[in-house]
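Each of the two complexes below includes chain A, the first together with chain B, the second together with chain C.
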Partner chain A sequence: MSQDLSRYHRQMLIPGFGEEGQRKLLGSKVLVLGCGALGTVIANLLARAGVGHLVVVDRDFIELTNLQRQVLFDEQDVTDAIPKAEAARRKIAKINSQVKVTAVIDDVNHTNIEKLAEGCDAIVDGVDNFETRFLANDCAVKHGLPYIYGGAVGTVGMTYAILPHTERGDSPWEQAGAATPCLRCIFEQAPPPGMNPTCETAGVLSPAVSIISSYEVNETLKVLTGNWSAVCPTMLSIDIWANTVKQFKVKRAYDVGECACCKKRNFEHLAGLLSSATTTLCGRNAVQLSQPKDAAAPKLDFEELAQRLRAHGPVTASKFMLRADIKDNGAEYELTLFTDGRAIVKGTKEPNTAKSIYAKYVGA
Partner chain B sequence: MIYFDNAATSFPKAPGVSEAMAAFLARDAANPGRAGHRMAVAAERMLDDTRLKLTRLFDGADPSRMVFALNGTDALNMAIKGVLGPLAGKGAHAITTVLEHNSVSRPLQAMADAGAIELTRVTCDDQGFVDPDDIHKAITPSTKLIVITHASNVLGTIQDAVAIGQVAREHGVLFCLDAAQTAGVVPVSIEQMNIDLLAFPGHKSLLGPTGTGGLYVGEHCPAPGNGDTNHLRPWREGGTGGDSSTPTQPAIYPYYLEGGTPNTVGIAGLAAGVDYLSKQDTTQLLAHEQALVAKIIERLASDDRFTVYGSLDATKHVGTVSINIQGYEASDAGSILDDSFEIAVRPGLHCAPYAHRRLGTFPSGTVRISPGPFNTEGELDTLLDALDQIAG
Partner chain C sequence: MADNITVLIPTALRPQVDNQDTVSVAGGSVRDVLGSLAGKYPDLGKRLFTANGEQEINRFINVYVNDEDIRFLENLDTAVKPGDELSIVPAIAGG
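Coming up: the complex of A and B.
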């Protein structure tokens, strides 16, 4: 069946794209992980560009503070309190009816990511935590899928396209000599919880997000159209406030490293060995989150965390624990943190809500 | 890690338990009674030996009435639903107490909610003891079953099973004792306590592995087929290995209640636990646990920063006591003990919500400290020191 391509005329004029590239896009399926600041830009641009099938996954519901940067949502969505993935599906249906969107309202974790990525041609990163990024990286390397990493917080953003080394070494990007190191070649481990700023604690400027996510889409379009040699081989880091743009050469990380993931093909994140665990606490409206035991991980710095969390409500901290009252999207939570990174989120019985609060306010 | 959560499951297990399981799994792990070959016979023999050991331990009359279960909950469901279940006829009355674990209170409450039974839940005093006279007063002509825990899993207080059993027998009411917290460490006598249904887990004070437990069915609960309407109904039905020709469960104990392949590997471990206990002076084991509880009570009961719940007389406790630290929710205190001190205790409701309502500790619960036979005084001192630091 041939589709009317006239709406894509302008991008088909780009050399290396053309009608053939457009048809490739329409025949592609992309997994968009997260549908927040990055994810909405990614889904929006991929849909307008005519990527035939988008699988959009997000566990959260839309809230007022999202509108500053999450481009697919409006005030009515906040009033209706609809899930982000579903709101994106509805909006994209109006933008481009040639695109199919599968909305998945769920946490992305080691039990479901491979199923979500089934039949996809690429994974694009719009998540807010490193645990999920390392999981996506494992999935991408294991199944030979390009994974476009991206993240932004404050005024800083980073992005990098992973064209993974596969087990058989015969992927089109490897044949084109364009394979790149995976995320674990570059960062051996996800940073321990509480070490990194989050949008909720450090803020975020919307251009940082839209630049990074637009760049992710750019790389995705190259990937989907098979323009392997055009894919940027470096990791890009920008600070839109300090006016710096840095390109990190990462190729050596694969050449000299002993990457557990793409060299040894040891998919620890996918096996769930490094994932956090949740327990709904007996008799209480509370969920406990436990981090995987890592003896080398430093103890949480309560003082610094307390400072970050004070913007959201009263915080108390002792040698043993930190407690913060947090208002999030109209609901009130009590977050109790312990020195090894475990937390009790009071105010919900839903593990996904607790995970979301943790990712937003502590950072994982 | 210092482990003070023996009321949930004992740790470590008795010496020899994991070895016995590994040996059974490696050598003899055939399906008992499902074939005549020597391995099946050996597995069956191991089960029968263990039945005999358990029957002797609990002063029962007939080892064939010792039915294996998957845990205490499974045994209690067998007993409660067996006596009161839908096949047993409507309008029966049951008596239980506020001290019960959910494995007793949930099946009973579900049947009461469905209109299948009438349920009376007898309260306890501030010390955590049920008055046998209150049980007596609750008995009506339609009372069919009394179910009570031998020791509260929240407070550790040991109940007067002898007096309650006597009341039950005098009124011709079946008496089911939940020995989850006592079996193996507090003497349980089916005969002297007039127990009709004794439910117990294998993985607590019997020092065996999880996935094991048992229900002893006394002679007042006859098997079907002799015209007695009082018989227990099988809650779980299926393959028994022996008589496969009957259209329903064969009317022979223990197979009548033992549908499905039993946890032979676990039971081999349980047998090793019972063997270990049989070589110990269990009076000493109980005294050891009570001495540790006494020290906790002594240190915390007079300290304003702590609350100790229930009886302060350690000789009326199993190795379990519940406390709270001023200014801390139980779950936070539990997390701190694990995180900063590497001490395992159990915070929360301990699956006994009615007990916490009675104590006024619902829904946050308490911090339950439950020493076992292998805890030392030194470990207890570390715990008491940690509690002192947390309370500030």
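Coming up: the complex of A and C.
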């Protein structure tokens, strides 16, 4: 069936795009991982650009503090307590009826990511933790899918398009000489829990996420239209408060490096070897989260974490553990943290809720 | 020697350097520069280096001389010259 392309007239004027590019977009399927600050901008712009099928995955519900930056949501969504992925689907249906949205209300993990990515032409990153990013990277490299990384917190952000080296080396981007190192070539290890500020503890300025996510969409449009040589070969790093824009070179990371993922094709994250585990603690309305054992990971710095968490409620910390009361979206939780990153989230029996609280307030 | 290498400090580590976004130090190699930075700001040193003294940078932090990652140059022995910019870049997790 031929679709009316008139609404895309302005972008079809762009060189390298045209009607052919537009038809490619309409025939594309993209996995949008996470539908928060980055994810809403990504889903919004991809839908308006006419990407035919978006699979939007998110485990959270909308809350009032999201509205400052999560552009697809409004006050009614908060009142109705709608899951983010579903709210995005409804909003996009009003924005562009030519786009199909599959809303998936779930945690992304090693058991489901390959199925979610099935038939997709690219994976775009809107998640809030590195565990899921390394998982997406493994999936992208294993299946030869472009993966566009983006992250933002406070006033800083980073983004980078991965056109992975494949097993047979015959992907269109490799044939065009445009393959790039994978995320693990560049970041060997995820920051340990509690090491980095999160949007919940350090805040976030909406332009930081808008710039990074718009840039991710930009690279995705090049990918979906096959403009491989136009894809940015460097990693962008911005600080919109300190007024710095840097482009870091990455090419040597693949040429010189010994990446476990894209060179040795060892997909540890996808195999679940490095994933965190959740256990619902029977009869206690609590979930335990344990982190993968990594001898090189430093112990949690309770002093600094306690300082950040005090903004959300009372915190007590000893040498061995930290306990914080957290109010999140009207619910109350008690978070107990141990120095190796293990945590108990009291106030829920839902593993996904506990994981979300951990990612938001401790970070990973 | 003049303090002629500019080190860009990421937001997450600014509390460890009196909230400065850049610090200028002297040195002929990345090891010199980061060593004297850690000497001046021990809390930053603790974040930057592994428990193994000042021999190895934590694997979740990248260091760039201008726009090149030191891991793919001469690592801590990478030479720096006056006017070079050294960026400390932790992976950004938020979103």
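FYI, the second predicted complex is superposed on the first by the 364 of 364 C-alpha atoms of A that agree within 3 Å, B and C clash if a C-alpha of one lies under 4 Å from a C-alpha of the other, contacts with A are read in each partner's own complex, and residues count from 1 in each chain.
One rule holds for everything that comes next: contacts are C-beta pairs under 8 Å (C-beta built on N, C-alpha and C of every residue); 3 or more make two chains touch, one makes a residue touch a chain.
All values reported here derive from a predicted model rather than from experimental measurement.
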| item | value |
| --- | --- |
| Room on chain A for both chain B and chain C (clash or fit) | fit |
| Touching partner for A:288 - first (chain B), second (chain C), both, neither | first |
| Centroid geometry (CA): angle chain B/chain A/chain C, rounded to a multiple of 10 degrees | 100 |
| Touching partner for A:339 - first (chain B), second (chain C), both, neither | first |
| Partner contacting more residues of chain A (chain B vs chain C) | C |
| Which of chain B and chain C A:16 touches, first, second, both or neither | neither |
| Partner chain(s) touched by A:320 [first = chain B, second = chain C, both, neither] | first |
| Distance of closest approach, chain C and chain B, by C-alpha atoms in Å | 18 |
| Chain A residues within the chain B interface of the complex | 281-284, 286, 288, 318-321, 336, 338-340, 342, 344 |
| Chain A contact footprint on chain C (complex, rising order) | 8, 10-12, 15, 21, 47, 50-51, 58-60, 62, 64, 67-69, 71-73, 87, 89-95 |
| Interfacial residue positions of chain A with respect to chain C in the complex | 34, 36-39, 125-130, 133, 150-158, 186-192, 195-199, 202, 204, 209, 234, 237, 239, 242, 244, 246-250, 252-253, 255-257, 296, 298, 304, 363-364 |
| Interface residues, chain B side, partner chain A - complex | 331-332, 335-336, 339-340, 348-351, 353, 356, 362-365, 390, 392 |
